[in-house]
Structures are given as C-alpha cells and as structure tokens.
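Given below, in the form of structure tokens, are the structures.
There are two complexes below, and they share subunit A, which is joined by subunit B in the first and by subunit C in the second.
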Partner chain A sequence: MTLHFTPVWFIAVPLLLAFLAPLWVRWRLLMPVLFSAQVALFALALSWIPAVRIAPILETIVIAPPLGIHLHLDAIALLLVALFSFAGAIITAFIWLDNGAAHLRERPAFILILLLIAGSNGMVLTGDIFNLYVFIEIVGVSAYALAAIRRDKTALEAGLKYLIVGSVAAIFILFAIVLLYLQTGQLNIAALAQAFSNMPAQMQLLIGLLMLIGLGIKAELFPFNFWVPDIYRGSDPEITALYSGVLVKAFLFVLFHLTFILLADPTVARNWLMALGAITMIVAELVALRQNDLRRMLAYSSLGQVGLITLALAFASEATTAGALFHMINHTFIKVLLFLLAALMLRQYASLKLTDVHGLSRTMPLAAGLFVLGALAVLGLPPLSGFISKLWILKGFSDVQTFWPVALILTAALIEAGYYFRWIRAFYAAPTDAASMAKMEGEKVLNYAPLLVIAGVLIVLGVAPFLLEDWLQQAAQALLGREALLNAVLGVQP
Partner chain B sequence: MLEVLELFDRPAVLHSIYLIGSLILFFIGLYGLLAKRHLLKIFVSIEIMELAVYLILIAIATTPGETAPILSDGLTAFTGMSDPIPQALTLTAIVIGVAVTALGTSMAIQYHRLTGKVSVGEMTELKD
Partner chain C sequence: MSRRLPLRKRFRVHTLLLIALCGWLLMLHLTLLLNHGLDAPSNGVGDLYLARNSETASANVVTTVVVSYRGFDTLGEVTVLFLAATGVGLLFAGGLGATPAFRDRHNHPNEVMVTGTRLLFPALLLLGVYIVLHGHLSPGGGFQGGVIVATAFFLRMIADPNFNLDHAQLGWVESFAGSGFVLFGMLGLVFVTTASFLGNFLPHPVAAMGQLVSAGVIPLIYLLVGIKVGAEIGAIFQDMLEADHDAPLPARAAEEL
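Right after this comes the complex of A and B.
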C-alpha cells in the first residue's frame, strides 16, 4: 500500500494526533509526539517544494470545484505551513526541554497547541470561505483556552478578554461571509472573486468593511489592537510566542489573500491598508517606548512589525511583497526567540519590570546575549536576516519612487532602537541587589538549544538570503497572482 | 384586510421585515456589548449579535412556499425546495457559537471563584 501525501495531511495529522491524546498520555509520549508531529509536518512541507514549484496543487474533497470544498497548496501556502510547523517545533521543543511550566506539558495544552497548528494550516490552505470561518473559530477557541491555561488570575483575565474580543471579530467575519453568500450563492473563494465585481458598490464596501474589522481585530491592526498587550502580558510567554509567530501571520495572510483575490484591482484598497499599516507601526512603536514590562514591550514591538508587514504587503508590488513575506518569516523567528527568552527570564525573576531585571547579564549571560541578537535582528542590522528583509522592502518602495513609506520605516527602526537599547542597558547594568547575583539554579544549556537553533537560522538567512529568494519570489507571485489562481481553480479565464 | 396580509407574504416585503428585525437585534447586541460591564451580560450580547447574523442568513435565503430540502413524506424529487446550504452553515455556526460561549462562561465562573469579580471594568491585573 502506498501512502498518498496530500495537502489535507497538514490539517488532518495534527487533528488526529490531538484526538488520540489519551493514548499518548498512557504511553507517556505526550511531548515526543507533539514535537515529532511538528517536525514531520515541516519535513512534509519541504518534500512538497519541487512539486509546488511546477504548479500549485489542488485537492478537491467531494465534488468538482466550485461545488466541492477544496484545498489550495501554492507557494505562499506552502511557505506559511512550513514556517508554522518550524515555529511550532521550536516552541514545543522548548516546552519539552524546559523544567518550568508543567501545565504546558499536560494533555490540555498538547491538544490545544495541535488544534491551533491544524487551524492555522487550514486557514492558509482552504479555498472555501465557510471553511475559512470554521478554521478561524478552531484557532480562536484553542487560542482563548491557551491564553487561560495557567488558570490563575492573570491568565484567566487574559483568556476572557481574548475570548470576548475574538468572538466579536468572528461575528463580523461571519456577517461578511453571510452577505457574500446571499449576494452570490457561492462559497468557493475563486468563484466569489469572479462574482464580486458584479455586486453593487455599496455592498462591496460593506462586505469589505466588515471583513476589515473582523480580520483587523484578529491580525492586530490599529485601531483594533487595543487588547493585544493585555493578552501578551497575561498568558505564558511560550503561548504568546505561538500567537505572535503563528496566529497573527495566518490572519495577515487571510486578510491579504482575500483582498488580492476578491478585488480585481487591489489598488482600490491599497492606500487604506497602507495607511492602516503605517499608523499601526508608528503608534505601536511610540507606545512601546513607554512600556515598563518586558512582555508588554514585546507585544507592542510585535504590533509595530505587523504594521510594517501590512504596509509592505498592501503596496501590492512583487518586490515589496517578497520583502514583506521574508520579514514575516524573520519576525516569526525573532519573536519566538524573544518570547521564549522572556519565559526563561520569568523563571529567574518574579517580574519582568524594567527596574527588576537590572544586572540580568550576570545571572543569565546567555539569555542576555541572545536578547541582544534578537533585538539587533528586529532593528535590521547586518549580518542578521532582519537587515535583508527590511532592505528588500525599502528597495521595493524606492525602486518605484515611493518614499514616504521608506521614511516611516526608517523612523520606526530608530524608535525601535530606542526602546530595545533601553532594555539592553538595563540587562547589562549593575545589579540593584546582591541576592539576584546568584547564578540561576538548574539553568541548563539544554534549555537554550531551541533558541540557539533560531539564532543560527537568523544568521544563516542573513548571510545567505538567496537560499529563500526563489521561493519568496514565487510566493509573492502566488499571493498577487489572481488570474493564475482563478484559472487553476475554475479552469476559465476571468 | 386579506390583501394586506397577502402583501406581507410577498418575498420582498417579508425579507425586508426580517432584515430590519435582524439588524435591530444586531444593534441591540452591539449596544449591550459596548454598554454593559458584567461578563455574563457581555456573553449574552455576543450571542444576540450572532443570532441576528444567523437570522439574516436563514430569512433571506428562503422564500415563502419553499419546502424543506429533505426527501421524505412522499417527496421524491427536489422541486421547490429551499437552498440547504444556509441551513447547514447556520447549524455549524450555532454549534461553534455554543462552544465559544460555554468556554467563556466556564472561564468567567473560574475567574469569579478566584477573584470574586464579575465585571470587565474591574479587570486591571494586566495593566501596568
């Protein structure tokens, strides 16, 4: 019997493993299974590259499109699925090797993390808009529960806030989907794209606005991102690494995928989305300057980077899109690194307030060093990969003589330098009390292994960006290539 | 009198009535969401908004006189049936909504047991 590898595996395997959780508990295999599942999915994604390079892969379930539900694996979907499983592997390896956070190594967390990965994969693969809603809700419910998984006051508060904001966002998305269906009688995204331009203009605007509110909340865009820092402050840093690294990226993809495919002419929404991205970036970076808690600072920094990615993606030129996708990858790695470091620091220090972490470099030299590396990568200093991705974005803008985003991005980088160095200075300052001078008990190098892997990736991608360049170009073309997608799915020229 | 009643049976009129009613429901929910601070009241408001969306979908997608898309009671062919997709979608969405509300309520109960608080206005643990 031969096994056929199809795109549905990216969704089915995590779901199946999650439902078999009682078995893994009995065999004491919970963490190995969680980790190897992510590694296997990553390997699977890599094994698809040659095939996807030739043509996107469609898998139709039940009937022929537009009647059936289908999954669409093209270069961009493959890129994101690979990214999600890599980030997932790093985070689960960290949780596995770590001797803190026992509640993350039990069955509920195991199931929820797998559901989150399955849902995120589903969101980028699906070609059916109602399926998209179902995956958004799968991701949503597992994210709400993960936020509250520590079950103390702060975690429950974060979970409740996330749940309220997230369900309101889901209602707006559902409303837009309902209107789309009532107007066109279609649920297939490609078929919808064909019918979308025939709708009345007001209806298009209303659907666009509802989608923007719903996905804007989920993708943490200004002004819908007021809730983010609270959630990032209250949940476990390992979990926030998943949010910032996987969840937000999946929602950003959905937002831009729908924008580019539904609108025949994406320049209609270009200025609005670019403005939204620019405001998100500048506001978040300015607010980050004033944060006195490490996790809140990282949350605002994450928002700033999301704004930058939005700004570059919304411009809808191939060069900026490729740069934005590369920055998406880098940002995932950097934020996973920084949030996992925050998790390690939280073991040693009761709080991560600026005044409490003075002299951290004495007790946790490796952590402080990796933090500096992550900060430099966010700022975009060579030879780290953040430099290359920011360079591509800036080059993409300046090649077409659009200079205001360039100025804004550079200003944002300056502000970023301001607050990251504020923290680095605190880490390398003289400790305020002698008690915290003691070397951390049980600090194992093993804990740092996943973090060192990320650091290595950041450097490798910075030195050799050509490893990914082809793939990123293809992904950008796939994201922007409306005609090709319609053609592939419906078999007709739009 | 009968003409007035028949007027109400026309799809266009009926659909507008449903649409206006559902939109009123939606905005009642939105008002509750923004104005109320009690956790359970917020969940109720979210549910009302969700129900309004389901109502719009079901009401607009069916017209009077259509039969249920089920082959039973002597029906052997799909003639004059209503579109089954909105109903399937609504059922799915209701199930999801119930799950989210149940999760939210259980978290609210646990939060209340730990802190004695029930209002989002009092949730200040995460602020600086």
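Right after this comes the complex of A and C.
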C-alpha cells in the first residue's frame, strides 16, 4: 500500500472536506479547514511543477481512455489549478480575518466556496466531456447559491437571475454534448477531436454554435453577458471576487481548450472569436465609463479584461497565448484585490456610488492606496505585472504585423484610464459630508494582510516576470498543442 | 408588484417572442435528435462498456457504468445534489443545523392520508431498501431507492404534523455516506492492485455474478449513494415544509420579488 499523490486529489480532497462539514462545525474549524485546504492544494500544485515540466501527467480513473474518464495534468492545467487555489486561499483568508459578513463564515458558505473551487479545478483537469459537464454543474449550482447567500432582496434577485441564465447556458452545453455523442459515440475529448472532422460540416457548425452560446454565457462574453452586472451588484463582493477571479477563468479555459482541441485548424474560428473578444472589450469599457456604482464599474471592467483575454487567446499564436495567460493571472489577482477592497469599503459606507465615496482616502488611506495600485495594474503601468502581460500581448500581435487588435487594446486602455481615474479622483477629493465621517473607525491592518500579499505579488511579477515566463510558454504550448495531447491520450499520431 | 399592472404591461412582446424562439429551438433540437438518435453508431463507448461488463461481475450493466466505469461522474452528480440540498436549506429554512421550526399543529391531515400512510410507509421503506441493495442485480440502485425511502418519510411528514426529521442527524448521516464514497475512491487509489481512484479493490469473481454478495465495491458504493440521496431529499422536504408555515425572513423577501 502506497500513498499516491495524483491529480485526483485536487478534486477528491475538497469533496471529502465538504462532505465532512458537520465535523468542522462541531469542532469550530470551518474557516481554518477552508483556508488550509486551499493552501495545501496550492502547495501540492507547486510540488507538481518539476514533473509536469518533463511530460504531462495522465491519470486514469477505473478504465483507460478513451473508454474511461481521465484527468490530464499539463502545464496549463497546473497553472490554472495553482491560480485557483491561490485566489481561493486569499479570499478565504480575507473572509476569515474580516469581522463583518458572518454569513460567509457559516457551513453553507464553507461548502459552496470549497466546491466552487474544486469544480473549477475539475473543469481544467478533466479529459472527458461529460465529466466536464458534471463539473460545470457543480460550479454552477454552487455559484447560484453563493449569489443568494446574503438572503436579502438584492442577493436573492441576483441568485434567481443567475440560476435561470446559468441553467439555460448549461442546457446549450448539454445539447452540444448530446449531439457530439450521437455523432461519434465517444465522450473522451481527445477521441472526439479525432472524429470531429469526419462529421458533416453543418453538424460541426451547429455543435460549435451551441458550445459557443453556452460557454459564452458562462464566460461572460458579449452579447451573452447582459446578466453579469446585476449579479455582481447583488452578491457580496467577496463572492464576486470568486466569480471574476476563478469561475470566469475556468470557463474561458474550457472554451479555448475545446476550440483548439476539436478544430484541427483553429484559424477557422479565429476571426469570429477575436471579433467577439474585441466587441466584448470595447462595449464593456464604454459602458463602464458611465457607471456610477463601484461594483457595477468593476463588473464592466472585468468584462472588458475578459474580452481582452479572449481577443489574445483566439489569435492562437504562441506569443499572444502566453501573454493572455499571464494577463489571466494578473486579472485574477487585480480583480480579487479590487472586489475585496469594495467589500471593505462597504463596511464603512452605506453605498458605493461615486457621489458617496468622496474623501474616502481620509478615512481609509490604505484602501484608497491599494485601489490606486490595482487600477494602475489594470491599466498596465510599469512596474506592475499588468504592464508586462499587456506588453506581451501587444508584442505578439505586432510581431506578425497584425495591428488592428493593438489599436483596439490601446484604445480600451485609454477608456479604462478615464474611468479608473474618475474614481481615484473621487477618493482623494475633499469629503462632501462631514457627518458621514462620524461612524468611521481606524483601519485594521489585519484585514488588509491578504490584500497586501496580492499587492506584493503584482509588484514582484511586474519586476521579475521571468519567474513565470518558462511556465507560461509551456502552458501556451500545452493549450495549443493538439497533436501532443492526442498523442498522449490515444497513443496514436493524428 | 406586477399584480397591479395592466394586462398589456404584464405580457411584454419580447418575452413572448423569446418563448416562441425557445420553442422553435426545442422543436429543432428534437428533430435533430430523432433523426440521428435512431441510427446511433454501433461502435460507441456504450457498446464497448457492454462488451467488457463481465470483468466487474455486476449483473446490471447500467450499474457497472454508473458506479464503476463512470463512477467519477456519479460522485460529481451526488455532489451536485448535495449542493442543491445545501442551497435549498440555505434559502428555505434558517440554514442547515438550525433547530427545526414547528409546523402548524392545527392543520390536521385527513383520515385517508393518515391510514394510507400507515399502510404504505413500511412497504415503501422495504421497497426502497430492496432497490438500493439490489442495484447491481436488478434495475434501479442508490438514486432511485434513496428517493423512494425519502418519499416514505415525506408521506409521514404530511400525515403526522408531529413527525420531524432532525436536521442535525440527517447532516451526520449524509456526511458519513458522502465521505465514505470519497474514501472508497481513495482506497482504490491506495491498493496496488487497482491503483486508480474508485478502483474495484475488493474481490469480484465472475463466478459470483448475479448473487447478492458480488461485484466487489459496487454494491457498497451504491448503498452509500442511496443513504446520501435519501438523506438529502429528506432534508429538502423538511426544509420546504418548515418554510411553508412560518415563512422566515428570506422566504418573505422572495415573495416580494
């Protein structure tokens, strides 16, 4: 009997811990368990790096692929699992240290947060399309319930909306999977990829469209993202940090993983997906310009960044993909930082409307300072990491003489600068209402500890991007390497 | 809120168009499925599972697929149900682990209901347990049997206003079954003979196929699934009955929407 550390731990351990929740309730260990689970999984992910560098790891469950379910741990999956665990640990630490939001420290929140991250891990690890659907359901159901977890009117409305929109999206994905199975008789993604080009062209188009609509809704791409701001406005900011930082990234990965694997020639979909990304980015940034509520502004800003990542990933060149993956990591950190700051501000201010937060820097200097840091990182100013990732993307485009995305990305950054500085100006303006200052108390540095960690990471990655460069290159190769994956799973040359 | 609006404002044109669009898409999809589903390819995964079934010594192929070959999916589905039960508990009652609220005691169920339940309860319970335990031999299994057991208790809840399922106890039962499932999976990983998550590490000789004790871990896992499903559905029923009467704050907020 030996103890194997295998990729299934990323899924099985959180499931086990979630099922054992009554124990943790009795021993009053909910938050420590949640936090240490994320930290342990992050450490486990780091310990895999040397092995995955040599070759991707395939774990068979019960019977070998293409018959059975298998987990596929390659550089990109490892990168995302590590990212999700790290973001999960930060958000959990914040909830734990924070003295507000008691409903996020109870048993339902424990189960839902743990399983949301476990499901996201499963989505990036699995090599079987029906298993993928199961994980989409796990992530979906936990996200719906988390949206409503505050149980007041706005939260319940957000939860209900999310439930309906998310279920519709899941049905589209399920339809596509049913058609794929009927056409090929296969469920393994690699085996499907082999059989996909033999299908009638119309059927390929239909399946592609169904997938695009389903995953487009889940990954918040225009024109399927009409529902996002309401949900980001209604749920707790700690939860929206999870949506923007973990959930959307997992769905973006699934969208592009399937695109690059199923299509023998990804350039077929390139222009469509790039257009989708570009429109998402520009529309979201323009709408963000007009938002007067901080959380709605952050939601639209998040959509804009998702559009940017989509634009860069869809181009399917190694340089832009590596840049997009780096930007994915940066965006996760930045949005977790900004949403958690919004959570802290909500403890002090009744509303986060632009007119109500004048003079915030007087009462919460640290929060205002960190907001400036996050905003500069989104804009991509050196020496923050957002600069490097945007630079890589722009360089990737200009190296192959494609200049229209460069122009669009720079325009979007200008618009971004416009609205972020509007908020920063409000924070540093003179307070309008002296009476509202009365209830303010000093900032507790402990609350800020997780946020300072993120700020540190943003600066370190900005100064020393070479720490991740190799890994990101490998991840980009893994995401684009269709032949290598088919070869690894099926053992044949396609 | 919408009750006071005039009719023409309640039925917006674009809502109706959206419904029509969904209906059209559904018809389109059904046509596609019916055209392609009838002549499904014969060399798909399903047929290969069928050909290999004897190696697990489970007489019911569906169970082999659900619990063994695609047991990982089943673990996921059990988790989805677990999440749904958590969500319902969160929204309807005062959260899991809260003390059960008392239902309306003045609302006496009628005589037919009470007598019928008295007759049906043991039979339903027996049927549910039978279906769970014979999951690897005959149609049905943990999911179906678990729901039948939960239904038996649901009938008792309706027939007897004093009958409550204890949330805390249900939580423990559910926790035991769920973690048991994962631990079985991990044991499969630990044993060298299987070395795979959810591997069938107990002896499962083909000679025993069709007997009650056969197919290794499959009936044991299905039993755990049955316990878990039963406990979760029972908890959902209990939550809904409690919320029905003394509508706590969230339920009232939901009505306002």
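In this text, the second predicted complex is superposed on the first by the 488 of 494 C-alpha atoms of A that agree within 3 Å, B and C clash if a C-alpha of one lies under 4 Å from a C-alpha of the other, contacts with A are read in each partner's own complex, and residues count from 1 in each chain.
Methods note: a residue touches a chain if its C-beta (ideal position, glycine included) is under 8 Å from a C-beta of that chain, and two chains touch if they have at least 3 such contacts.
Quantities reported herein were computed from a predicted structural model and do not represent experimental measurements.
> Are subunit B and subunit C a fit on subunit A, or do they clash, once the structures share the same frame?
clash
> Examine A:Thr6 and indicate which partner it touches, taking first as subunit B and second as subunit C; both and neither are also allowed.
So A:Thr6 only meets subunit C here.
> Please indicate which partner A:Asp152 is in contact with in the superposed arrangement: first for subunit B, second for subunit C, both, or neither.
both
> Looking at A:Ile61 after the superposition, I want to know if it touches subunit B, subunit C, both of them or none. Which is it: first, second, both, neither?
second
> Is the number of subunit A residues in contact higher for subunit B or for subunit C?
C
> Taking the superposition as given, does A:Leu23 touch the first partner, subunit B, the second, subunit C, both, or neither?
Touch status of A:Leu23: second partner only.
> First (subunit B), second (subunit C), both or neither: which does A:Gln291 touch?
Touch status of A:Gln291: first partner only.
> Touch check for A:Tyr144: first (subunit B), second (subunit C), both, or neither?
Both subunit B and subunit C are touched by A:Tyr144.
> Considering only touches as defined above, state whether A:Asn121 meets subunit B (first), subunit C (second), both or neither.
neither
> Which partner does A:Lys161 reach: the first (subunit B), the second (subunit C), both, or neither?
first
> Which partner does A:Thr363 reach: the first (subunit B), the second (subunit C), both, or neither?
Touch status of A:Thr363: no partner.
> Considering each complex separately, which residues of subunit A are in contact with subunit B in the first and with subunit C in the second?
The overlap between the subunit B and subunit C interfaces on subunit A comprises residues 130, 134, 137, 141, 144-145, 148, 151-153, 156-157, 159-160, 175, 178, 181-182, 185, 187.
> Quick one: in the complex, what on subunit B touches subunit A?
Interface residues on subunit B, with respect to subunit A: 33, 39, 42-43, 46, 49-50, 53, 56-57, 60-61, 83, 85-86, 89, 92-93, 96, 99-100, 103-104, 107-108, 110-111, 114-115, 120, 123, 125-128.
> Which residues of subunit A touch subunit B in their complex?
Going through subunit A, the ones touching subunit B are 130, 133-134, 137, 140-141, 144-145, 148, 151-154, 156-161, 163-164, 167-168, 170-171, 174-175, 178, 181-182, 185, 187, 229-230, 233-234, 291-293, 296.
> Quick one: which bits of subunit C touch subunit A in the complex? Just the residue numbers, please.
29, 32-33, 36-37, 40-49, 52, 68-73, 75-77, 79-80, 82-84, 86-87, 89-91, 95-97, 168, 171-172, 174-175, 178-179, 181-183, 185-186, 189-192, 195-200, 249-250, 253-254, 256-257
> In their shared complex, at which residues does subunit A touch subunit C?
1-4, 6, 8, 12, 15-16, 18-23, 25, 59-63, 66-69, 106-108, 111-112, 115, 122, 130-131, 134-135, 137-138, 141-142, 144-145, 148-149, 151-153, 156-157, 159-160, 175, 178-179, 181-188, 206
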